[in-house]
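What follows is a group of structures, each given as structure tokens.
Paired with subunit B in one complex and with subunit C in the other, subunit A is shared by the two complexes that follow.
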Partner chain A sequence: MMKKKKKQDNVAYAMIAPYYIFMLVFILLPILINIFLSFTDYNLNTMNFVGLKNYTRMLNDPILKKSIINTLVYSVVTLVLNMGLGLLISILVLRTGKALGVIRTIIFLPYVISMASASMIWLWIYEPGYGLLNSIITYFGGVSKDWVYDVKLAMGCIILVTVWKFVGYNMVIYTSGIMNIPAQLYEAAMIDGANVWNQFKYITWPMLRPITFFLMITGFINNFNVFEQVSILTGGGPVNSTTTLMHQIYIRGFVDYQFGYASAITVLMMVVVSIVTALNFRYGSQGQNTDLS
Partner chain B sequence: MKKLLALLLCMSMAVSALIGCGSSQGSTASETPASAETSAEEGTASGEKTDILVWLFSADNMQAYVDEGFTERVNEAFPDYNVTVEVIAGTAADMETQYNAAKMSGQVPDVMYVALTTFASFGTRGEWLTLDSYMSDWEGMNDVMEATLNICKLPEGYAGVGMAPAPSVFVYRADMFEAAGLDPDTPPTNWEELAEYAEKLTIKDAQGNIVQGGLDIPSIDTYLNVTAPFMRMNGAVVIDETAQEPLLTDPKVIETLEYLYGLYSKGVSLPHDWQKAETVPFLNGTSAMSFMNLDQYVKLIKENPEMEGVVKIAPPVGNEVVTSFCGYRMMTIPAETKNPDAAWDVIEFIMSKEEMQIRVENQGVIPVRESLVSVYESLNPEIGKTVMETVAVGKGAFIVPWISTLYKYYGPAHEAIMQGVKTPAEAMEEAQAGILAEIG
Partner chain C sequence: MTNKKMSPVITILLLLLCVIMLIPFAVMLSTSLKSMQEIYSRGGVMHFFIPKEVHWENFIDAFKFGGANWLKYFGNSLLVTVVTILVSLCINSMAGYAFARLNFRGRDVLFFASLVGMMIPPQATIVPVFFILRHFPLAGGNSILGQGGTGFINTHFALVAPYLAGAYGVFLFRQHFLNFPKSLDDAATVDGLGRFGIFVRIYIPLSKPIFATLMTTKAIQCWNDYTWPLIVTSSEEMRTLQVALVLFKDAVTTQWNYLMVVTCIIILPLLILFFVAQKSFVEGIVSSGIKG
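Here is the complex of A and B:
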């Protein structure tokens, strides 16, 4: 009996082995190597153990500090806009009835193109000389803007590109969530005299909390990893106003060849994302099991 | 039995996942340089011929050069070698990425064609073999231009051979000159004229929006492609390569930036990033004068034949000194090569007069041999003389090991000046301090 059980266990272990081997080799091992490298001055040619030097250097790196602030601003603003607009559009789209499919497709379309392509499109839209935005502004007699070349506008330009690309995804997820809410809940609320706002406040929003939680976690992690649009649209400028943590990791690693320092920044980023995710799990998931009975 | 089968299936999946992800066996040589190198090394072990892997990148029509028989010629010239040539698609930066990947997997090529910036930044890290012992006996030393030979020197000695200059030329639109009442045959030659022409050529609408810029002044110039030549024109050293010291607070540097910002703030240029060709106003037809790579000029004329004679190349501009930016493409031997002698033989072949003449005639590459200058000029009667003049006074990237630190601090400082956030003196003091703090 025991022998048979052990045999069954071995088969089960073997069946899940491919996944765990893959995870070990391609996720866990690189993380461990990265942590190890963060204590060295590896530059492709030489590697010496430097202790905590890379970490202490981070404390005195003004560009890194700027990149942390930029990443946080970008992440929070983008997250709020993506989720807020996604929810708003999904509600509006559901109310339009017949045009639902068409509108949803149009808004979702940017999500299917790559961020690099989206950034190139927007580079043309933002172009100060012949770009679409300035062409419209000057056509109506306005004063053109420098967009991505303006230190005050550059971050907003990057946020806009991300929102344009991802709002459709948020909309689709929210739409599916709203469509799964039992119709009888709204009918009962209407019988009880609840207006549209109260229906949203007491039925829609609580029922969407698990989805909101999911979008918040994935959105935050995605936003924290922002790179392509920064690299293509602004290169982190002007005056480092759009440089982000991921952009700094790339620059320090693959431009400066300071892989040790870049690894230390990666560890910092991993810690921050883990903390925020843990906080989200701790506080964001409350009410997931909303009992409306 | 079923369980045994399931077990075997799972094991084979795990093994194949690992093998499939980790091996390049079975790949063809054209797929990736790394896989090509793997094949080459296997050849070395099993065959009698010495395998040599040459990496070129796709600048200077190198793909066409290879397609037109270079590989066959070099293999014919050296029957004992098996020379494999890979043309890496993309830019010099892509080549760097490929090289880093190859190095990390312990598989570097034997010969590499690199841009000057790569040569300088990698060379100061000790990536290239010192070639003094080879070059002292090389016949090319008597024919290759002195400026070209000088640019190949690192503190340890010659670390490469300049194969093709890549000058930045001063270009202008003859039609816009005529429309502004300027003589298209007398372009500006000094800073004073440049400023005067730039203002005359600028067109703005009623709201003050720039419709046509007079002169391209990049608002983003992280790599000093345009700014460094201006600084040099003003007599600034910018970087003391011997003492390995940045000199950004030199009054000549500040004066140059004041001149450029003075023009920029008058609205003679649309903002742009010089590194991103799609943003350069001149290439978009919204500017009258610019500094651009010769490659870009050639491409512009090729794609817009009607622009021939309209877009003109002017001799280099000067202030205290007449100069321009001149990059180079170099042949190098990575220090990790197992076959340095054979690698040098291949470089010697590529640099031979016969091969260079093929590139001059068929690919339009600028020669570095004095004996081929007349050939290039006769093949390019419109621009040949001016291009060679630019090459003669051109200077390339700074050769210091901390070049990326310079860019890291200069880039934002330049942007702060052009945004009007800081004065040139403030920005350069901050950049200088940042660089010194980092390089020690």
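Here is the complex of A and C:
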């Protein structure tokens, strides 16, 4: 930023070196190595160059196709629920005044615990024989369901756990965004006689656009990588109805030892993530002009 | 939002929401105190939340069940988390300071190149990072070409290293240090402090909240992670709590009370940290969200 000719601080290289070494070895280098591996049949012991075989195999892999559809469905539904509910709750919570802190803490609580523990608790809630969910349903005279063991319901179960865990995160970010909107805007709007809906439509929503965009991009990328919930709650089943891209990478690589194929799937994943990130850089910058912090 | 009038509908709605959010915690707690007999008896919905008989001994028996060495797993999780926090606080604050305050050739290029690190989600690189750790030259019986041994697989280093690579901390510190007045540096230079001295004596003591923020962020990341330890460790020696919990699920199958006991204990440290340092937690979330 400073164009003045200044003394070189060579100590800087030493200060960024540790960070940069880890960055190169564990983030940048892996991207290159992954591309290389995707042209091989590496299986822990041997490695041969196989050309495009992994990629042609991807084209004819019905489970992979299924996993792509599952990942997209999961990502979009989770994103919409997390952001929609997060925004709604943050608007409601901000109207509570004194109780704000307590309510916010409670809603944020699940974010703190691990996905593994969250999955354990929900696995018990979903348990078909004696779990809470079926107990409530049968109490009200309904029919028990198999939840995570039901082809039609399993994905919904995974989404529910994720929303329970992450809606608080979205709420916290939206809340801080709303609190940063200048109060005068609302005062002026009220003088003009704008009702609550119009205040939201013409002030809150447009002012939150950069945050919404940020949550959308990062949320999509995170959802696109869903693995832990899937692996623990359903193991991708029943009959691959919940397997996702990340779960396929894990299964192909670390269960089947077909690392070359897993790398090829990873390449696909990285391409998608890069496109979304590029969108962020192309269109997200407009948000940085808005003074938020 | 200046409108502070609360309609009763909103109050009830939020109250209901809070109850729903807390139900899984209540179920976990009450199940952990029940006997299996009670768990497998039908007693209405309320019995889910209040055990008829409280079995405190579950909290001892669960950890004896199936010959799992929970102390070892706890130690591993703790070690990984503490080391990650300490090392990443060091290297990230140093780099953040250098990028924010020092003049060196290639500074901006190097900084923006490391942006890439924030774009690729760490889970996406499990295969190549595993490959690098396994074939790291001269590690774990490997030859100079990375052949023959198991590299860093099944070591504490493999558990920690990838967590250290994140760029988030550097951005956090850089952002924070950029707000410091430059006159501070000049005054310290006059007093005879070098660049590194200024960082250690002046910048670090003035940045405690940022250190706390990064600490909580890293604590969540490391303590809670399941994917990474699952992939780079297979020996019981290196097992972390999250992986052990999932393996325990398969081992106890229907012993829900024991499973919930272990879940309780595993989430406890972070819950405590959360209530002690709630502000830092939220700050970490918000700064990753808005300034990120």
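Here, the second predicted complex is superposed on the first by the 264 of 293 C-alpha atoms of A that agree within 3 Å, B and C clash if a C-alpha of one lies under 4 Å from a C-alpha of the other, contacts with A are read in each partner's own complex, and residues count from 1 in each chain.
Criterion: a contact is a pair of C-beta atoms (placed from the backbone, for glycine too) under 8 Å apart; a residue touches a chain by one contact, two chains touch by 3 or more.
The shown structure was predicted, so the numbers you read here are calculated from the model rather than taken from an experiment.
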When subunit B and subunit C are modelled together on subunit A, clash or fit: clash
Partner chain in contact with A:80 - subunit B first, subunit C second, else both or neither: neither
Which of subunit B and subunit C A:227 touches, first, second, both or neither: second
Partner chain(s) touched by A:25 [first = subunit B, second = subunit C, both, neither]: both
Partner chain in contact with A:15 - subunit B first, subunit C second, else both or neither: both
Touched partner set for A:100, first subunit B, second subunit C, both or neither: neither
Subunit B versus subunit C as contact partner of A:274, first or second or both or neither: second
Subunit B versus subunit C, judged by how many residues of subunit A each one touches: C
Which superposed partner A:177 touches (first subunit B, second subunit C, both, neither): second
First, second, both or neither for A:151, with subunit B first and subunit C second: first
Which superposed partner A:254 touches (first subunit B, second subunit C, both, neither): both
Shared subunit A surface residues [contacts with subunit B and with subunit C]: 7-8, 10-11, 15, 18, 22, 25-26, 44, 123-124, 127, 129-130, 254
Complex contact set, residues of subunit C against subunit A: 1-6, 10-11, 13-14, 17-18, 21-25, 27-28, 31, 39-40, 42, 44-45, 48, 90-92, 94-95, 97-99, 102-105, 107, 110, 114, 116-117, 119-121, 123-132, 134, 161-162, 164-165, 167, 170, 194-196, 199, 220, 223-227, 231, 242-243, 245-246, 249, 256, 259-260, 263, 266-267, 270-271, 274, 278, 281-282, 285-286, 289-292
Residue ranges of subunit A touching subunit C (in the complex, touch as defined): 2, 6-13, 15-16, 18-20, 22-23, 25-31, 33-34, 37, 42, 44, 89, 91-97, 99, 103, 105-118, 120-125, 127, 129-130, 132, 135-136, 139, 164, 168-169, 172-173, 176-178, 183, 186-187, 190, 196, 204, 211, 214-215, 218, 221-222, 224-225, 227-228, 231-232, 246, 249-250, 253-254, 259, 262-263, 266, 269-270, 273-274, 277, 292-293
Residue numbers on subunit A that touch subunit B, as the complex places them: 7-8, 10-11, 14-15, 17-18, 21-22, 25-26, 43-45, 63, 123-124, 127-130, 134, 138, 141-144, 146, 149-151, 235, 237-240, 251, 254-257
In the complex, subunit B residues that touch subunit A: 3, 6-7, 10-11, 13-14, 17-18, 21, 97, 100, 103-104, 125-127, 205-210, 213, 219-220, 222, 270-273, 275-276, 278-279, 281, 284, 286, 404-405, 407-408, 411-412, 415-416, 418-419, 421
